[in-house]
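Just dropping this structure here.
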Amino acid sequence: MTRTIAALGVALIGTTAWAPSAPRATLAGSVTGTITFTGTPPKMKPIDMAKEPSCAKQHATPIETETVVTGPNNALQYVVVYVSAGDQGSETPTTPVHLEQKGCQYIPHVVVMHAGQSLEIANNDQTSHNIHPLPTKNPEWNKSQPPGSPPIVTKYDNPDFIPVKCNVHPWMHGYHIVLATSHFGLSGNDGTYTITGLPPGKYTLTAWHEKFGTMTQDVTVGAQPTKADFQFKATPY
Amino acid sequence: MLLTTGILGAILTANVATGTTAFRAYTASLNATAHKSKSIPAFARKYGLRCSACHTAWPELNAFGQAFRDNGYQLGNDRDSPIFKDASYLPIALRITPQWHEESTTNQTVDAVPGDSSVKVARRLTTHGFDLSGMDFWTAGTLYKNISFVLLFSSDPFASFHFESAFIRFDNLANSPWLNVKVGKFELDNLISEKRFLFLSNNGGVYQSYHFVPVGDNTGFGIGDNQLGMELQGHNKTSYTRYSASILSSNDGTPGTPTGNSYDAFFTFSQGFQAGALGVERIGAYWYLGQQSSLYRTSGGAPIAGSGVDNKSYYRVGLAGDLYAGPIEFMPFYMHARDDPYLGTSTPGNQALPTGAIGPQWNAEFLETHEYLNSRFVLLQRAEIVRMSQQALPGTPTSLGDIDAYSFGGRWMPFMFSRAGLAFHAEYSLTRTVGNVPISGDGVGLPPLNPTASVWSSSLLFAFDFAF
Amino acid sequence: MRLVYISLLVSAVAASSATQAQPSIMGGAREDFRRYCAGCHGNAGDGQGENADWIDPKPRDFTLATFKCRSTPSGTLPTDDDLYNTVRRGLVNSNMPSWRPLADDQLHSLVEYIKTFSPRWKTEKPGTPITVPPEIPVTADDILAGRALFQKMECWKCHGPEGRGNGPSASTLTDSKDQPIKPFNFAASSRFKCGTTNQDLYKIFLTGLDGTPMPSFADNFHGDDAWHLVHFLRTLQQAESPEKVVWEQWASTHQGQLKPIGPDGGGQ
């Protein structure tokens, strides 16, 4: 009996002693959380697209600017959460990230990618757009994209937080977030995000919002999914 | 009958032998202009450029500033018209130089006992003290695209004002930089400009060559004096190739048409070329053909202004250069000059020339160097000689009137900015004139007792030269 | 005479001492930059010279290595020749003067000095200059094709239907530093930001004016498209040109046949 127990124990210890390099279970080696805010966020204004009738008619009611997008229960959308310290290094994914221009809007408003990862930008509108990123750590460029032309395929070599605009349609704003890691998540309308594929260990997470700044949190990732919530202070201005 | 020069004023005739009156060997305009300067912070304010963009060391122009000036004070970016500036922008600049200076002159003929004029001796006279320069009140700029103007209102240290420059210029006629017409009172297009040079002391702040007239000669002209007339000027886009042709009234820039109805002509040409790392080199030639009335009609014995007749001619011709070897600038200059015998002996046109009188001739040269240690610090020096090659009257000592002049100094600008300028200026200048009063900015001096004696005059200057 | 010899000697001594202390090209260029450029561009080359507040458009910030007038694709560094040409030619409708009177050596070393303000020059190579093909002959069809492109590429949205810089989006344009900026008014000038020739205009829309709202159309033009547009744009300007002559001749015999450029226009 004791030998069986001992054997089982050795087997148990043996299995737990292995550090899994890939998640064996669906949530192991991951971080998840909810981003919320306290205080009063600024009011978003409706966008007047009268100058571009082909886009205006795509929206039954005018859409609002997306600087601060909130969800139920004070959830905050479009927050990028990423590993800023402790990462063992990551490879550049070979699959491209997609960005769409539709209804004179950037969809999604914030697109996140690994440095060097391919970004494909499509114009699905009946009007020309120009894509004009304003990086600080990458070269600035500006390209015109008439309707019906193929997607612009590009990449950024250096980590950067890049505001992007269309000069023809001044209400169009977006962000291209370029990170040195592939361990990141973007919060949805319910405020939740998930980062997967993390080996167990100690990490520092940084949460970034385009208006409310950054917050950091240290987490320890183990076999069980780790919870890391962030609560931003919202200001009306 | 003595020739009177009427309103030309400061030139008096003198009998060399008696030396009774103090006579000055320079022209009226020099005496009246205690401060000659042409740098204009108003342009720096208009365009947002530092003074050093246009000036090697203000007020001397560099190649960029020369092209700007030639182009009618326009940069040519379609932003030159005054409407592109705030309405509160006024193209006005001011300049004055508080200073301490010492002047010392040898061989001055003074009374042996003050108050008793019976016995005269030669003495060295020295004065020093704190002082002011004259002031420049400068406006210049564009009235419209390709129409520019200058109005320079200058005073002596006693706030007695005159118009040193006042002209309108039609620039780039027929859309060509080769055709520009200027009308008014202006500086002659000398390659080496005396108005925009870097010396300020009484003895050093003039080019002897630009004002010299032999002893006993009453030609009222200096190539450094601003003249009244009309100039056709042209240049290529970089202003490396430049020419000018002017027609000027024969009054040495004195307004009121006080002389006669004659006109002078002046031609210049210069060519610049790039010499690699050394910089831009320029060489030029000039030729002034002048006339002066030798007789005035009189009424009751008094000469009538503007009635000058019986014109006699003179010329000034020579070469000049502006050569760079990196941070060092060399400015060589040569002039050959000749005045008519009537002018050379101050003989009225209706009288006979003295026996054996011929036209006096002389040669003048100088070499000036600037060393630009950086855009705010320049060292200066100049050596100049004037040598009579032919005196007007036989029996005149061959070296009468000869001049040697040497000056050196430095200017340091504590800031280089776009709104105002300040230079700490130090200068020493020494001149030796044979048998005559030295040419100097303050016009003070007495002829020596002995016409072969050398008069040495020195200036020491410490000044704060500022412009706004 | 003695004075002349002494002065020559002193000059020679000064000259020799100066030549020994002759600054290196960089020392010389730094002095030249302070002398000519820093009043607007700032001693640190960041566009923050003491006069920058009063200048519109603002002086270039060299620390970002973003330049308007290039022969290289959008987002890439310009070639040395691009920078030399810009400094030498100046920029029309701006405070940037033409520095043509400066010696070529000075201009080249200033270009080298400008490159020291941004670390990008150490890690990146300049882009590959685009080739400007030989210009095609000017014909009415060629100009009409250019007009169609002006409509299709929606140039009129910023530049306006007549190229007067009064398009629907013109009033909201801002440059990369969020300063208001106006689109080029073809009717007001015969010179372009980056030069005066058709080749210069060709390069502008094939490389874009980086730092401004003007994008690159390099991916959108094919074959002779760009020349058609160049020729059409010349007809919008005041100055006489071969393009205007051809266009006016065609217009006089085809009155009323053109649809206006604009949101409803077919352009043709």
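Note that the chains are named A, B and C in the order they appear, and that numbering of residues resets to 1 at the start of each chain.
To be clear about the criterion, a residue touches a chain if its C-beta (ideal position, glycine included) is under 8 Å from a C-beta of that chain, and two chains touch if they have at least 3 such contacts.
Computed from a predicted model, the values in this text were never measured in an experiment.
Novice: Strictly by the touch rule at the top, which chains does chain A share as contacts with chain C?
Specialist: In this structure, no chain contacts chain C and also chain A.
Novice: Pick the chain whose C-alpha centre of mass, unweighted, sits closest to the average of all protein C-alpha coordinates shown.
Specialist: Taking the mean of all protein C-alpha atoms as reference, the closest chain is C.
Novice: Where the centre means the average of the CA atoms, what chain is farthest from chain C?
Specialist: Checked the centroid distances; the maximum from chain C is B.
Novice: Looking at contacts between chains, which pair has the highest count of C-beta pairs?
Specialist: Chain pair with the maximum contact count: B-C.
Novice: Compute the distance, rounded to whole Å, between the mean C-alpha positions of chain A and chain C.
Specialist: Between these chains, centre-to-centre, one finds 37 Å.
Novice: What's the distance between the Cα centroids of chain A and chain B, rounded to whole Å?
Specialist: For chain A versus chain B, the centre distance works out to 74 Å.
Novice: Could you state the distance in Å from the CA-based centre of chain B to that of chain C?
Specialist: Between these chains, centre-to-centre, one finds 43 Å.
Novice: Under the definition above, what is the set of chain A residues touching chain C in their complex?
Specialist: These residues of chain A touch chain C: 51, 53, 127-128, 130-132, 134, 139-146, 149, 152, 167-170.
Novice: Okay, in this complex, where on chain C does chain B touch?
Specialist: 1-4, 6-8, 10-11, 14-15, 18-19, 22-23, 28, 31, 34-36, 38-40, 49-52, 54-55, 90-106, 189, 191
Novice: Under the touch definition given earlier, write down the residues of chain C that touch chain A in their complex.
Specialist: 64-66, 74-77, 120, 124, 152-154, 157-158, 168-169, 172-174, 176, 208-220, 263
Novice: Along chain B, where are the residues that touch chain C in the complex?
Specialist: 44, 47-50, 52-53, 63-64, 66-68, 75-79, 237-240, 274-277, 279-280, 325-328, 330, 365, 367, 369, 371, 374-375, 379, 381-383, 385, 404-406, 408, 416-418, 432
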